[in-house]
Each structure stands twice: as C-alpha cells, then as structure tokens.
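Note that the chains take the letters A, B, C and D in the order they are written out, and that residue 1 is the start of every chain.
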C-alpha cells in the first residue's frame, strides 16, 4: 500500500520531491466508515423493524438463505424474535455514538490533562501523572460496574466509563509530545516574548498535538468498541434491549454452540469491519500526520 | 417420590477396594432400613460393596468455605449444595418429605406448643468417629449465627439436654413456625461436633470441616474445586460413589463443553439455547428442577393515585397481556411452571391461585376502560441484569398491549439494594429464593414494613397480624390463604413463573439426585447418587 | 590544485536512478544521465538546491537507495570494476571499506544504544574480521586521529555524552576506519556552528592528505567548495548541469543556474546559507517540463530551451554544461548575476 | 540513579494512597454486600447482624483507617463471601494469574515481535499484510468470542483440550492464547511502527553505509532501539492483562486474580476488592518501576537524567 521510506518523506520542505504522493488514500476503509456512519444516521429509514421489539413466536429465525429462513427477516432473528438486520442497523448508531463519543471524551480529558501536565510540569505534572497511575491500576471493569451501579446503566454511562478508563493513554502520549514541543523554537520564542501560559498552550501547543490526538482517536475507536463488548459479556455494558454490536455478540454467544452463528458472527463482522477500517485509517493518518507517534 | 433405582450398585467386582468389615456394614444398613422403612431390603445387603468411582459437578458459582460451616448459613440456597454432602440435620427436607427425621430419630411438640423434644438417633457418628449427642445439637443451635439466628434465639427460653440422646427446645411463647425454621429455613438444625469445633476453633473448622453427612471433606481450593470422599460410617446408607468433586465453571457455555467432553458428569444451570442443545446431544440428559424462586412483576406505584398503575384494571391488563407459558417455553424450554403466585408452591400455607390467563384482547379492553385505549407510557421496568432476557420477553408482550416500558437492567448488587431501599419505581421484576413458608414471604413482600414492600393494604396487614398469633394450624392456613387471595385479586403482583433450574447430566451418571427433594436446586441426597454400571 | 590524474578512481557513465511507485504508474527521475569522473585523492564538490538529487546520487554510488528507487541505466566504474555488476553481498564489502559515506546529521547518525568504541570499530570487525578487542584499540587510535581529546575515556562513552562537533568527528572516524579510497560526505557541516565547521573541514582535509582519500562533498555551501574542492558538479533536477574544475567554473560559469548560484554565494558568516536566491520554485521531478528543466526559471531561456533538453556540451576539455547557450561559448548576459545578487539577501 | 528510584517510589506511594481511597469509597457507594449474601426477603435483623459482623456499622473514616492499618500490618481481613483471610485467597490465585499472564505475555511477544520486525522489513509485502490481518483480528474480536470458539473447536469437536480449570499444561493453552492474541497484535503493531521509524533513522542508514550485513543492521542497530517502546508497552500491558483476563478467566474457569476481583465486585466483597485493587496497584507500580529501570538500563540517555 505504501512505498514507505519515512526517512525521505519526513519533514520534507514544500516542493521537495516527496514520497507522500505515493501514499494512496485508504479509500475502502474510509468508504466502510462512511457507510457505517450513513447507516447510523439513517437507521430509522433503513431498518425494516423496530430493533427493540420482537415476538417470541419469531425467535431464532436463521438468515433468509438458510433453511428455515425467510425474506421477512433477511438476517434472521434473535432470542426474543427481534430482527437481526434492524438491530445491526441501529447497532451502528449505538456503537458509533458510544465509540466516537467515548473517544472524544477520553481524548478531550486526556489531551487537556496531557497538555497541562507536560507544559506546566512541576507539581501539576506530578499530580496528574500520579492520578493517571492510580487510574491505570483501577481495572476498567471495576470502574464500569461501580459506575453502572451509581448512575444506572445507559449508553451515557458506558461513554463515561470508557472515556474515564482510556483518558490516561491520551494523557501519557500527549504529555510526551508536549515535552518535546516545549523545546521547539517557536514555543521558546513565545515564552521569551512574554506570551501568557494559557495562550501558549492554546495557540501553540494544542494545534501541534491535535494530530496525535486524532490519530490516537482512530486507533482507540476499535479498542473502545471491543471493550464495550467485553462489558456487555460481564453484564455491565450497554443495557438491553438497546441494540449495540457488542451487546448483540454477548447476547448471542450461547448460539455458537448450537449453530446459531448469525447471532454472533454478524455483529462480530460489523465490529471487525469498523475496527479494521478505523485502524487502517489511523495507520494512514499516523504516517501522514505524525510519523513520530508510536504509542499504540 | 422416587426411591426406586437408588440402590443399583450390586457391584461386588468393583475395583477391589473391598476391605470393609461386613459386620459394620450390616449394622449400618440395618439402621438405615429400620428408620426409613423404605428401600428394598433384599438389595440392601448388596451394599456391602464399597463406594467406587468419582463424579464431578461443574458448578455455576464460586464455592465459599462458609458453606462448610452450618453455623454461618446465609439465607441463600447454594450452601445447601455442600451441606447435604458434608453435614446432616436433625430434621431436613428429603425426597418425599419436607421434614424428615434424620439425626433426630423422632420428635414431639408439647401440647402447649411451648417446647419441642427431639431424640437423637442412636449410634450416629461424625466423620472423626465421635458420636452425635444431644450436647452437639445444643452446641450447634447456640453456635448458629446465620440467617434468622437472632430471632431464633430471642424466642428461645432454653435448650435443655436431659440425657445424651434428648434435646428439648423451650420457647418463650408459642411459635407455629419453629419447625420450619429449625428444619429448613436456617442452618440451626445442622449438627457440628462440639468437641472438635471447640478444639480447633472456627477458622480451622472451615479449613477442615467435620460433619455427620455422607461425605467427608478432603480438600478445597477456593474458586477452583472441592473434593469430598464417601464417609463409610454414614447412618442412612453407604454412599455408592467414592469421590465427589465440585468444580467452579462460571461460564455456561464452558460448563456445557466440559460436560460434552466428559470432563464433568453434571453441569448446573444450563439455560435457554444451550439447554436445547443439551437435550439434543446423545448421551446427555437435561434435568430440570423447579426451585422455590418465583419471579414476578411488582407494581411499585400502585399506591400513588396519580400513577396509571393505581388503577387495578391496568394492573390486571398487564397480567393478562403476558404469555407466561411462551416466555417459559422460550427461556427455560417450558420447564418453569406458571404458578401465578409469588409464594413457592412447595411452601407451607401456599394457596393455589387460579391458572394464569393470557388474553391480550381482554387486556386491551381493560386498558381502554381505564382510559388508556391508545396505550400509555408506563415508565421504567427495573430488573437484575442476569434476568434481562426474561424482562425483554415480558416487555415485548406489554408493548403489544400498549403498555410501553423502558427496560432498566441493573447489576445484581445495585438492583437488590435499590429494591430494598425502595428507590425503584414503576415496575420491578423481582424474585426470591428465600427459605421459609408463605408467612415469611408475605412478611417481606406484602405486609407493611416488609423489606421489599413499597406500600401496604390495611386489610392484609390485619390478617397477617392475626395469623402471627394464631396457634391453630387450620385457622392460620385460612388466614394466610386469604391474604394470598387478596394479593391475587388486586393484582398487587403479576407473578411470572417459578424458576426451573436446568442442569445437564452426563452419560456416566445413574441417579443424579436432581429433583429428588422438592424445591431443592441441587443434587441431593448425595448418598442416593450413583454412577451407571 | 586542478591536477587531474589520468587514472580515474570513480567514473560514472550515464547513470540514472528513478523512484518508481509500486504500481509503476509514476516515475521520478531523481538522478538522470549523470556522467562524472573522479581521480584518486581528488575532491569533488556537488552542489544544488534541496531535492536536486545530490543525496540520491551519493546513495546511488553506494548502491544504497531506498527500496522504491532503482538504478535504471548507466555504468559505475570504481577502481576498474563496474559496481553495478556486483552482487549485493559483494557490494556490501565495498561499502564502508572501499567507499565510505558520512551523513549530514551527526546527532542522528550515531546509534544511541551502543558505545562509541563499538560503533567506530564496527566496520573493522565486519570487513576485516578484527576481534572486538582489536577493533576497540583501533577505535581509540581513530578517535585520536580525528582529534578527540582523551579518546581512552571517550571510547566507552555513549553518543549522548558528546557534543555535536565531537559526534561529527566520530562519524568521520567511522568513515575512515577501514581506510577507504573514497569518502562521500553528505552535507557534513550543516548542523555545526561556524568555528567547529572550519575545524572539521580542516580535519577532513588533513585526513584526506594522510590517507590519500578521494572526497566527494555534497553541500549547499559554495564557500566550502571554494575552500576544499578541486572539481565541482552543479546539479539541478537530477541532472548535472555543469561540471569542471572549481577555479574554471568560479571564474567563468557557463550555465545560467551556476551563475545564479555564484551570485548568491552566502557569506561565510551565514552558516545556514541556503541557495534560495533564485526566483521560482524547484521543479516537480515527477512532471518535468519537456525541455530544459531550468528553463521556466531561467532569465536567459530561449525558445529551444523549452522544446529540447540540452545535452552535456563541452566547453573545455574537462568543463561541460547542459545549456544551449553554452554552445556558442560564453556570452552570458551579465545581468543575471547582478539581479540574483540583489535578490539574494 | 538511586535518587531517581527513591523519588519515583515516593510518587508511587502517593498513587497508591489515591488508589486506596478511591476504591474504598467506590466500593461502598455502590451497593450493600448484605443484600447479596441474603436472599431478598431476609429479615432486617439478619441484615443488621451481617453489617455488624462486617464492621459496616462503623463510621466511614474509621473503616478507612482500619483498612489502612490492616494493610500496613499485612492483615487484610476476612472476605465477606468466603470468610477466609483475603491474603490467603489472593496468594492462592496469584500463581495462576502470573502463570497465565506470563505465558500469554511470552506468547504475545514471541509472536508479536518477530512478526512486527518481519512486517517492518517487508513493508507492504505479504508478511506485512498477513501481520495486519492477524493484528486486527486479535484486536477486533472480543475475547469471550474467541474463547468460546476455541472451546467449541478444541473441546467439543476435537476433544483435544480441556474446556476449563487449571492444573496441567494443557489447561493453559486456550486461555493463554486467547489472552495473548490481543496483545500479540498490539505488540506486533508497535514493533512494526517503531521498527519502521528506527529503520528510517540516520544511524541505521549509516550502519548500512558501513557495509554491515542486513541481518546485523536489522538485528543489532534497529531492533534494540525499536524494542524500547515495546518493552514499555509490555509493562503497561501486564497491567491491562488483569482487565482483559477477567473475561478470559471467566470463560475458561481459570482460577486467577481477575475472577477473584470480578466475583468480589459482584458480591460487593469489600475486603477482596480493596485488597485485589491495592495489591494489584502495588504490583503495577513495581512493574512500572522495573520497566523504568530496565529502560534506563537499555537506554543510557536516561541514566544521566537524574
């Protein structure tokens, strides 16, 4: 896909012969993400059934092409007779919202604290990094269950949980970036010029770490969605009957043993496609925007 | 109920471990037969064969050492899974009899109902060889600190031991439920060896428990497995299986896989789809046990005049809108009986209500009459996450009728603490497997001040107060039946089903012990469990 | 100064190296039709703007191009052998032993995880089978010869403990460790400050005399060329547009581009001196104009320049230029130099 | 260096304090253990009795103080559920967890690092793409799914491997693979990108120009440098493994710390949750410290810092 010779491409001044032109934009991943996003937006028009309700008499219909399936339920039905296709379609919305928002929350908190920590240094840095350490030691699951108990289960809750769990990754990476940015001339110049700290962080530091945050975000999207599935497995994920891909997999896991593959394989494929696309896009962005970014 | 094929172990050729002294066996057998008067005499002598082989259970929960000590029995069913093996009680539920004399040979209540006198069975021994005496019985009662311990002791004036085989419980005032509590609702009647416990202390006792049950403790690894071995001095009969192993396997699918591969012989709690698969797998059998855990919908807002749930017609409509049989069929293959009551059908004072009806048309009518012809927003539907699948099915039916609810599954701990702290509203999907009788259940769930009562009806409270002091069994039964009837008529609850516990049994198992004792979820009595020859 | 030896150490004949995209759809001629000769002990300076192909040319000589690049045609004679005929394994023994190269960034050229002695002695161990101990001893000597103070302690230290100038000298030591016949230095002094730069250039000069090295200097800095080199090649858009003895070119540049460069010689005080004094942007190598690549920026361009690319036209026996105007000898409009000068500050 | 370690340890203790306070409060805010150890419908008396037994009737600050004190004296109290000393439970499970984590980590590194190097050396080639697919599968499939599929194949259909439990080497295979795959992917990715970056560096270029054999360029000059971030990540991942391990341990009934914690949480077994989290935290801090020291050992630049 890429004729990568980073040594030549990196930091090339404008006009200089550059290999960037050889890097093809990852069309297919972008297209997949776009389709998922469109499906999520227009779920109401696309889904043939209400994703949250079904009839027990219709339960466990296999996909249409399999024996016993019918065109009425193209991708079959689940344990309470809900249409799998409709759930997948609405699941795109739930998973997208949960995934993207959680990444934004984690990214927002992490970037902010990372900048503060890296730029201000001293006790601020110590406090933020120690909190991050303590946070890291608090397993995501523990946190998830506690939060579910306090706030009650909801998508919002999952977003908060995932955001709260993953901000430390951003904070660490961004802090590292800021530390090296601080040594750069334009920042030093701004400091010498008496620019207030707030302004330096806002005007000089933030725009320069935003690339890393974006790249990290695309890579985190997959992690977040898979974590959501794990939480559902343990019963503290997106609450049923809301359709989310991870929840659908967790709900359908028993079907694996009895040949009801569509209950797990279909949402699993959706997750895979999304994670795959987000990662490929992230990889591309990483090379494009910031080849230095290695963490994760 | 089923005592037929219990003794199918005429295996003199069983692996050459036959080093028993025949005299001992005969004595024990004779004892068992004389007291029970069941089991075929002719076969009895064939039990001279020593226990053999090993059976392994895949258990769905983590085993806790507290379960090895009857004194700490919490009010949940699971500890009895182990207690039936390791210990024995004076009186306990056995096949066909909810209060069968075990370590007690017999008992009688004084005419004034102020004292109960038990005779300890002669010649019964603990695993360490000590005889079971009246002292042990007294000690065990006084040592007991599990569920309802405070209440038991508060009502007790004295525990007397006139001789080594006689124990007399003297009550402060008549208490009709004493035997219920002593025999099944608590662990107070399960006997531990006084001398041994006093010698080793409570901590050590849990590490190396000694009891009077059919199996003695061998080893325990928390979270992994418990191993027990047949106790050849068990009074009732010689167990036929040498070793019992209980392995914790939390994931349902894994339990089934282990069963299929023959790693375990029995797997507890195999639900829904997996149960279907189990049923189809040659060599494996599905064994369902109905346990004392009814499920229900509780209309928490019914006392709030502003709530639509205040209208009895709405509650009734909700009850009519749900096809309980179909739900049971879908989730437990139809094994969970639709009893239409919040009281387990094996409990004392249980009143059998009319069968549940599924009539969506009538439900709509009722709703229309109540002014909700086009349906209504009925609020939240709370449930324990582990039973969200039941909720999903139920909520679907209510939706069809026009009762639109939002499912709010809560993680188990959070659910039960919110439930009891009265923080939930609208509709609650509850369940209970607590021990006791109809009165104890009603106290918690229907009477003013009950731990899970969100509101009360004065007539019910009155009736309940009356029955509490009623000594006449018959009158008391009437009063309790009346309360249950009122609850049914007013649709205070919408009972869903009484949960069936579905288990898998492998091909090596002869008698699984499952379902022998009514209401008991697990294999028991273990001395009746056999391996197929 | 300009004593050309008849025996040439290195001679490149019509050498071309292209970057090819994976699908082969796009071709970037980074080095195009380069012909060069360099005798033993001589010093050649290669100058040109960024992206003109200087570094690619150096890497081509080393046969160490990035994977996307290929040598598409030409011959590359070194000590009588065509380097292009060599297998990769054979070529490996030329690299570092017979031809060595120094990279421009001394900060980044040393592996931070290995001691100086380890890295300086490495070529000896690889090419001459020296033992670690022997290589270590030799490394100390080499450090001494590049004038590193107290080499015995420095040798076991790590790159981050050295100053920039020291690191550059260490890189130099690595270059000469196997006493190569040719040393290619790719902008060796850009990141050094002035005094160090001067010291380093003196050092290289000394080493060259001491070991009889031929040197290829790749630089932006015409001042360095004037100081150090016998020969000069000016590159533009992958081609050598003018080459010859330094003195000749400096006194009578034949190509308008060279003239522009000379007009913008940075003063020695400006150590960052980039050759930016010419109007317009360097061309995009993947879409070169049909004629002379410099034509769009050339103040003296004629119609023919835009139609036809000029060949190397001999001005003198050892002075060539790729310019149609050079055919009719040097009648370059003097205005160019002047104008470039006025722009270039 | 010594000072650096001391300072680092001091800050770590601060983290530990924060952690203990957080977990102490969290666990108490969110549920009542008595409601889980008693069936709904239990009498209020029993509940109060149980609360007294657990010491939950004491004021919060006193409970916290007792917790800290017990921690410092090395006695972490009795589990509510097991009524066994928490420390016993912990150390009974620890070897299993360490075994699983170690095997999974080794597996992930043994698979991840070479395939990452291979992918970096053949960018865009077969190995790179194969690695990418492998990577993304490991990253995008929830581990319970992988676990159940493995059980389905190797236990139910083939009958080769035991479904669950611990004991023999065979028992470790499926859980370790399930756990290791996810991390193999992460390690492969990081090795690849860090390797690519190092391969593009000037010193690798110089190493090539020195005429070093490619194996030596990749193996000596590039690999060692590329390894630094991988080691850092592996250290952090050891921590993350505890999280992911909960699912794996549940699926395979692996008696590890993760499940102990999970059960502790679901039963609101305060002493267990507190102990596991705080002990786990200490371990994490230790690992981080070791990683830092190892890092300083590999990369001499850090040695000079303090």
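Couple of notes before you dig in:
Here is the rule we use: contacts are C-beta pairs under 8 Å (C-beta built on N, C-alpha and C of every residue); 3 or more make two chains touch, one makes a residue touch a chain.
Predicted model, so just to flag it, every value in this text is computed and none were measured.
Interface comparison, C-D against B-D: more C-beta pairs in contact at B-D. Of all chains present, the one whose mean CA position sits nearest the global mean of protein CA atoms is D. Mean C-alpha positions place chain C and chain D at a centre distance of 52 Å.
Taking the mean of the C-alpha atoms as each chain's centre, chain B and chain C sit 89 Å apart.
Inter-chain spacing, taken between the CA centroids of chain B and chain D, is 39 Å. In this assembly, the C-alpha centroid of chain A lies 48 Å from the C-alpha centroid of chain C. Looking at chain B, one finds that residues 253, 257, 411, 413-414 touch two or more other chains.
Among all residues of chain D, those that touch two or more other chains are 30-31, 123-124, 144, 148, 152, 156, 201-202, 205, 250, 266. Shown for chain A are the residues that touch two or more other chains, namely 3, 5, 7, 145, 149, 253, 256-257. The touching residues of chain A, counted against chain D in their complex, run 1-7, 10, 126, 129-131, 133-134, 136-143, 145-146, 149-150, 222-223, 226, 229-230, 233-234, 246, 249-250, 253, 256-257, 264, 268, 271-272, 274-276, 279, 286, 291-292, 294-296.
On the side of chain B, the complex with chain A involves touching residues 252-253, 256-257, 271-274, 276-277, 323, 326-327, 329-330, 385-386, 388-389, 391-393, 395-396, 399-400, 407-411, 413-414. Listed in rising order, the residues of chain C touching chain D in the complex are 22, 62, 64, 67, 92-97, 100-101, 103, 105, 108-114, 122-123, 126-127, 158, 160-161, 171, 174.
In the complex of the two chains, the chain A residues touching chain B come out as 53-57, 59-60, 79-81, 145, 148-149, 152-153, 235-236, 239-241, 253-258, 260. If you check the complex, the residues on chain B that touch chain D are 58, 62, 64-66, 72, 74-77, 145, 147-151, 206, 221-225, 247-251, 253-254, 257-258, 260-261, 263, 411-414, 416-417, 419-420, 430-436, 440-441, 444-445, 451-452.
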